[in-house]
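Chain IDs A, B, C and D follow the sequence of writing; residue 1 opens each chain.
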Amino acid sequence: MTDKLHEECGVFAIYDPTGELHCAEETYNALYALQHRGQESCGIAVCGDDGSFEYIKDAGYVNEVLNRGGVQKLQGSKAIGHVRYSSSGEGEDCYPQPLVSKYKKGTMAIANNGGLVNRRALIDELEYSGAIFHTDTAAEIICYLVARERARCHSMEAALSTVMGKIHGAYSLVIMTPRKIIAARDPHGIRPLCIGEKNGAYVAASETAALDAIGAKYLRDVEPGEIVVFGSEGMTSFKENCSNEKGLCVFEYIFFARPDSVIEGQSVYEARKTAGRLLAQKFPVEADVVTGVPDSGLYAATGYAEEAGIPFEYGLIKNRYVHRMFLHPSDEEREKMMGVSLNVMASSVKGKRVVLVDDSVVRGVTGKRIVAMLREAGAKEVHLRITAPQFMWPCFFGTDIPDRKELIAVGHSVEEIKELLNVDSIGFLDVESLKLLLPDREGGFCAGCLTGKYPVKEAEDAVKNLGGVV
Amino acid sequence: MTDKLHEECGVFAIYDPTGELHCAEETYNALYALQHRGQESCGIAVCGDDGSFEYIKDAGYVNEVLNRGGVQKLQGSKAIGHVRYSSSGEGEDCYPQPLVSKYKKGTMAIANNGGLVNRRALIDELEYSGAIFHTDTAAEIICYLVARERARCHSMEAALSTVMGKIHGAYSLVIMTPRKIIAARDPHGIRPLCIGEKNGAYVAASETAALDAIGAKYLRDVEPGEIVVFGSEGMTSFKENCSNEKGLCVFEYIFFARPDSVIEGQSVYEARKTAGRLLAQKFPVEADVVTGVPDSGLYAATGYAEEAGIPFEYGLIKNRYVHRMFLHPSDEEREKMMGVSLNVMASSVKGKRVVLVDDSVVRGVTGKRIVAMLREAGAKEVHLRITAPQFMWPCFFGTDIPDRKELIAVGHSVEEIKELLNVDSIGFLDVESLKLLLPDREGGFCAGCLTGKYPVKEAEDAVKNLGGVV
Amino acid sequence: MTDKLHEECGVFAIYDPTGELHCAEETYNALYALQHRGQESCGIAVCGDDGSFEYIKDAGYVNEVLNRGGVQKLQGSKAIGHVRYSSSGEGEDCYPQPLVSKYKKGTMAIANNGGLVNRRALIDELEYSGAIFHTDTAAEIICYLVARERARCHSMEAALSTVMGKIHGAYSLVIMTPRKIIAARDPHGIRPLCIGEKNGAYVAASETAALDAIGAKYLRDVEPGEIVVFGSEGMTSFKENCSNEKGLCVFEYIFFARPDSVIEGQSVYEARKTAGRLLAQKFPVEADVVTGVPDSGLYAATGYAEEAGIPFEYGLIKNRYVHRMFLHPSDEEREKMMGVSLNVMASSVKGKRVVLVDDSVVRGVTGKRIVAMLREAGAKEVHLRITAPQFMWPCFFGTDIPDRKELIAVGHSVEEIKELLNVDSIGFLDVESLKLLLPDREGGFCAGCLTGKYPVKEAEDAVKNLGGVV
Amino acid sequence: MTDKLHEECGVFAIYDPTGELHCAEETYNALYALQHRGQESCGIAVCGDDGSFEYIKDAGYVNEVLNRGGVQKLQGSKAIGHVRYSSSGEGEDCYPQPLVSKYKKGTMAIANNGGLVNRRALIDELEYSGAIFHTDTAAEIICYLVARERARCHSMEAALSTVMGKIHGAYSLVIMTPRKIIAARDPHGIRPLCIGEKNGAYVAASETAALDAIGAKYLRDVEPGEIVVFGSEGMTSFKENCSNEKGLCVFEYIFFARPDSVIEGQSVYEARKTAGRLLAQKFPVEADVVTGVPDSGLYAATGYAEEAGIPFEYGLIKNRYVHRMFLHPSDEEREKMMGVSLNVMASSVKGKRVVLVDDSVVRGVTGKRIVAMLREAGAKEVHLRITAPQFMWPCFFGTDIPDRKELIAVGHSVEEIKELLNVDSIGFLDVESLKLLLPDREGGFCAGCLTGKYPVKEAEDAVKNLGGVV
């Protein structure tokens, strides 16, 4: 409904040696907590004690696809789950995960969050040696590679370790076999993945919020490049692919993750609030009120308000019941929808100079409309503050940044963007400030969509071919 | 899922003499904006130019019951809509409205928000004279009375006016006939109802937020006791039942209505924020952070924070995707659910003295759980501030206040409630302060559930029979 | 899909004093057996031991509306059920039954099969005295009248008995109250209704096939005008409204009822077979093969074949999976559909002189198409034999005979019909022969749609006003 | 619900160079006509003029999975469709087809009916060389092999031709690529497949009944081993794999196919009727009436009746609305169900000596129950006549014959079966007579499940390993 970016996936896994927990139900509850990472399809696969796999997956929200009755029938001491946002939009070819496949050594299920830069080359190579593809997912590519490598290896984790040397990009994945569950992250740790414990069972999840949702204790993040195995010997770790080049996507903090999650030691909420504070320092303005675009802009808005000493007010309110009114809205429908999904709190802005904090400007369509709504409601001035730099480059790691020609910042100066959005002033957080958002975290991060510089070499090469000046 | 009160209905109507608007679709969009007033059933009825009535209604959310395709087939220049929360919970006997009935003079559709004190006496009288009831709704009672009166009157509005002398309680209703739409409020105006205009069409809605959602201009509130008619002569008004004893439910401001609505001149958002400020004045405390229970507690929390000069922080986050996970949760399920639907933002509260602002304490179950969650996350102290006095008495006007024996405030002193909820201090807004919430509005209000004093005499009598000391 | 007539309802009731049976489930199974009597909506209502009523009902087939899980939750030792065909076609105003209503003396549920001739007068009278109508069903009219009469009577059955003096037409109904179940038929017994027994429980059903389906023993038919009560004193009978003027709809035998049902002592299957035999006697023809239009034409076809000494062959086959492909088919769609739903067995008819037996010709549309299909498949001659006389007049008793101007037999001679349908010869069973179909049954029957003579005086009057020569 | 065998699939394809037809809609109508071949899942895939593939497929009946609106959106001049019966029963892993896969040379969709004897070896070989399997279907195996072979071949049909040398068993398949549609049958032609023409478009279908349903003209059967290509050069044929060893499954005539289909020149209906005649010759009995178990037993019953000169009567009636009442019925539920789904026409059998004709006895469960029902209804004698020999051996070619230990004929003599089923006499058609059923067809057939002799060598080997004496 908006032109916000979308995260492309969330994953969860649980291994319960005690047999006390209902693994599918824990996964179901955890997927609710990860629903913000993907709303187009979802699924749960379990592995029973006899090694048999069962799953439920389909296009739709968790509460549509996975009803409690069906979930309760999925019995087994191991389960993995997935939520997905795909770019296709239509239900039919949304390729829900987990992907359950039979291969030479048995059966495996896989669920993944991320994107591979050398996807095309890997597909070509696999097809050349006789692979057929049922989906367009990185999960299927990885599944093939692991299946093939597994024939030459003594263990699944060894196979995965070898495969990790061949696949370049972002992946935070979980794999379930009849005997174990594996959780792994790419060597730069571009997407988050953490592990926890509940009553003797191990769990892995894209975000800590999913641990909280099921009452699991957070243990630690999976390290970039690490392979963690939950099996009969408890939790073991393999670090052959680890490096020190951290490259977590900075937009996990700015927009994607839940504010109540903590990623690599850094509270997402605190990062957003800090972004607001930095904007107040860098782009001060005389104003009567600070407000934010719900939900993620609100946290930064309170930071801006505190730092600037300007009162924070709720100036916009979001309708909590508007999910998916339209699948492919026309422009006219999108316009109508905006009114239904977002409303101005007129008493907060009427006759006032308003600072409006938002997390990003992608194509500028919604931003422009929101500014117009504020003005119609009587705002005297609107000063837009954005908690991220301008989007200029593609993402190869699992988010759906539009084509460059659609990005408002490509081909328009900041001044021009200000005019296009009809605001009295505008301020984007600069790239240099991004590291200040993460005081509780060490190491680098990926801001490739902002800078054109990526932690993965292939991405660097790919973007050079786009012909823009980086 | 929580032990919050529930509003019992929202209504909408549109009369478009121009034929330019798609009335059913406007109603559909407006119902999205009123969904917070009722989530168990909903419906739309239209009247075509040939006088025929069509409707879609069923148990479920707007996006479940009313798909866009079906709505677009409902053609006609008049439409009314309804959302309902009913106490039954099960879909089968949820009695969705609008109620469409044939009677001596033709067909009418009715949608209502409210509750009648003399409901039983009216039913008895009607049954005595041969009525049968398909539902347990006030709408059906009113429909019967209007149908019978209509036989003796020259117009629908005249019939309704007479009926209004017989029915005692709260009602904000819309009636559609082949030739007109009527909107009316009970003589005390206990439930809100406002009228607006869009491109030459008249609309009526429970809240201004519904006008905003469809881009309609707010004209004014329907006056207590007023009957407004949209018909071939435009908008006409009948005020025989008007009085000066205003009695709007104060909980519309505190909890029920959307913050972006304005009721009788008073911004709901401003009232909530003021409630926070008053609590800060009356119950100051040394603390590090102020937070609120989302969503309605947040607005008051910012007021408290401002007034107290203590930083506001988001301390709790609500999962936006958890609608109706369970229909009739067991206690164990309810407990699990709380973790899935609400999470603590640990970085906001850890090691801190926390002021927690909420809008009400009904049975105390969720309040107790939330306090425990904050303490588990490391809050050093929790000071609870409630933007309403204690619930002590029933509501006869359409909200589902539990039986007195379930209300935590009945039989427990404030000190005891503090102990039960395990908070370090507690403060309820006092009854006297309630009027201070509404500086932009004139006239009295109903706070019967807090005080035992009601604007309607029958309610006064009924509560006396309950045996408690008022 | 075809232009066959449709039955308008089936009813079922069970009263189990033993508490051994699951009444809702028995009803569910019985409704499957009555599904042919109505496919647009269905429902089950139960009355629990505490006198509370619960129900499930909606538009759709039994297997769509009533899933086993939901049915199993309906607990109680009394239940009634209903299937309905309504003329509206669209789900929204299909008014599923049972109708559950509160009235002066409590609650009742009612399910009915039939049609009232003085429907309009009864509605006028009821509306005049303050009734409002939620549906357009005879059930609601009867419910009103019974509710009103009940105030003056010592029992439900007494109230019903009085009401039966006022309502003129066809009704086979079941009423459930907290203490008993009542089954009754109009004084001419126009629609069937029988009673049975299963493990100490009493049941009533539109057809014996429903008794067979649940393993109940057939006891007897409810007599025309009889009121049967299942209650704490077992089964009791009231015959104040009984007369000797039997008037069962002859089309129950010819087309509506299941062939495995026995109505008033006469096997439906035998009646159909006899019709075939009579046609062979009256309209002999030299032919190679006899075939029938499935399903009801098949039984008569075997009778024709036996009598004529011509081999019976299956010449047409019906697709068992085509239910409701279209709700309101266009002519083009109807044409396509015919091919999907009916196919010719070419080897049976190629190069042959074919006798085609069908149960009726209404508008002639499908008949014409079937004849064309046979000719395309190589039939040399097609001789049509119809097991009923021509439709000439309306039915007031619950079947949907089209308007006279649509009936092929109105305005066309038999010779003309033969030309229109493009058959080599045609023969309709004559009115005089109808009684020969029912050798095992005593008393008259209603053939009003064929003769214009009806057992109910109001119907006689009504048809005179149509202006045709009877 | 019964212990009948189930066919495992039906396929359909259409290639319309004219662009006049709506290929998805034609496929939809054709799938209705093939629904009897598989009721667990179904699907349609189309290929648009831009080479893009779209599909709808899921567990469920055609009318559940494929609604008209969705089908109409599938645009393209090529389409294939599939219906499937799978042994799993549960929706989740029912693997609906068509299977749409990307491979080295592009995309293909495949739909198949059959079963491969060397399935396990092929899977092993493929997995050994790095394949992963998403389904357990022969279609996926064939897809892999074709994809791999295609890399070495100049065309899809050449690739398929080579693959046909490696796969042993039954397959009647259709393949859709962006440029053509291929229809092929295994070298013994174990499953049927025919081709037709409609308004310049080519179609292929499992049975001629599907051609009739859409008004297509039958051209001919695909020959055993033949590959037929519909493409820009019209229809071309490749016969490298053709042999003269025909091996059509004889049960297509006896039970699986629709009676209105003609397979390899032989009318299915005629074959069934002949079976009845042969039974009358071989197992004559003095009786009063001949009846059949609907639907397939009816056709043979008329043959028996004619030959024996005993009247044919409908003695059992099947409920047309009972589809899938239970997914996995318990024995008690199955028993109840029988009553709901099948009823005795008592007037046909009471006091009579009954010849009951059925198409097969698998485990004997339903047969026993039906005999009991007839006796309860008063049949004096029941003489069972079966239009097939006893099931003794497995089927490797796509039907779900139960394990040998469940087959009533394994371990029981004919006399013992007679006792078990409680019949007065019993007669099975002998193997030698099977060829007499097919006078209009040349060549051998497969009766492996009856004889243990199969047209495919691997099947011969496999059955030897079962240890029974063939």
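Assume a residue touches a chain if its C-beta (ideal position, glycine included) is under 8 Å from a C-beta of that chain, and two chains touch if they have at least 3 such contacts.
Quantities reported herein were computed from a predicted structural model and do not represent experimental measurements.
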Problem set entry | Both-way neighbours, i.e. chains that touch subunit C and touch subunit B | none
Seminar exercise, completed: Per mean C-alpha coordinates, the chain lying farthest from subunit B is D
Problem set entry | Centroid spacing, where centroids are CA-atom means, of subunit A and subunit D in whole angstrom | 47
Problem set entry | Gap in Å, rounded to a whole number, between the CA centres of subunit D and subunit C | 36
For this session: Can you check how far apart subunit A and subunit C are, centre to centre, with Cα atoms defining each centre and the answer in Å?
Result: 60
Exercise. Which parts of subunit B, given as residue numbers and ranges, touch two or more other chains?
Worked result: none
For this session: Based on the touch definition given at the start, go ahead and assign the chain network to line, ring, star, complete or other.
Result: ring
For this session: Sort out which chains touch which and give me every pair.
Result: A-B, A-D, B-C, C-D
Seminar exercise, completed: Counting only contacts in the complex, subunit A reaches subunit D at residues 54-56, 92-93, 99-104, 123, 126-134, 136, 143-144, 147-148, 151
Exercise. Okay, in this complex, where on subunit D does subunit C touch?
Worked result: 29, 32-33, 35-36, 39, 61-63, 68, 209, 212-215, 258-260, 262, 267, 269-270, 295, 298-299, 302, 306, 311-314, 317, 319-326, 336, 339-340, 343-348
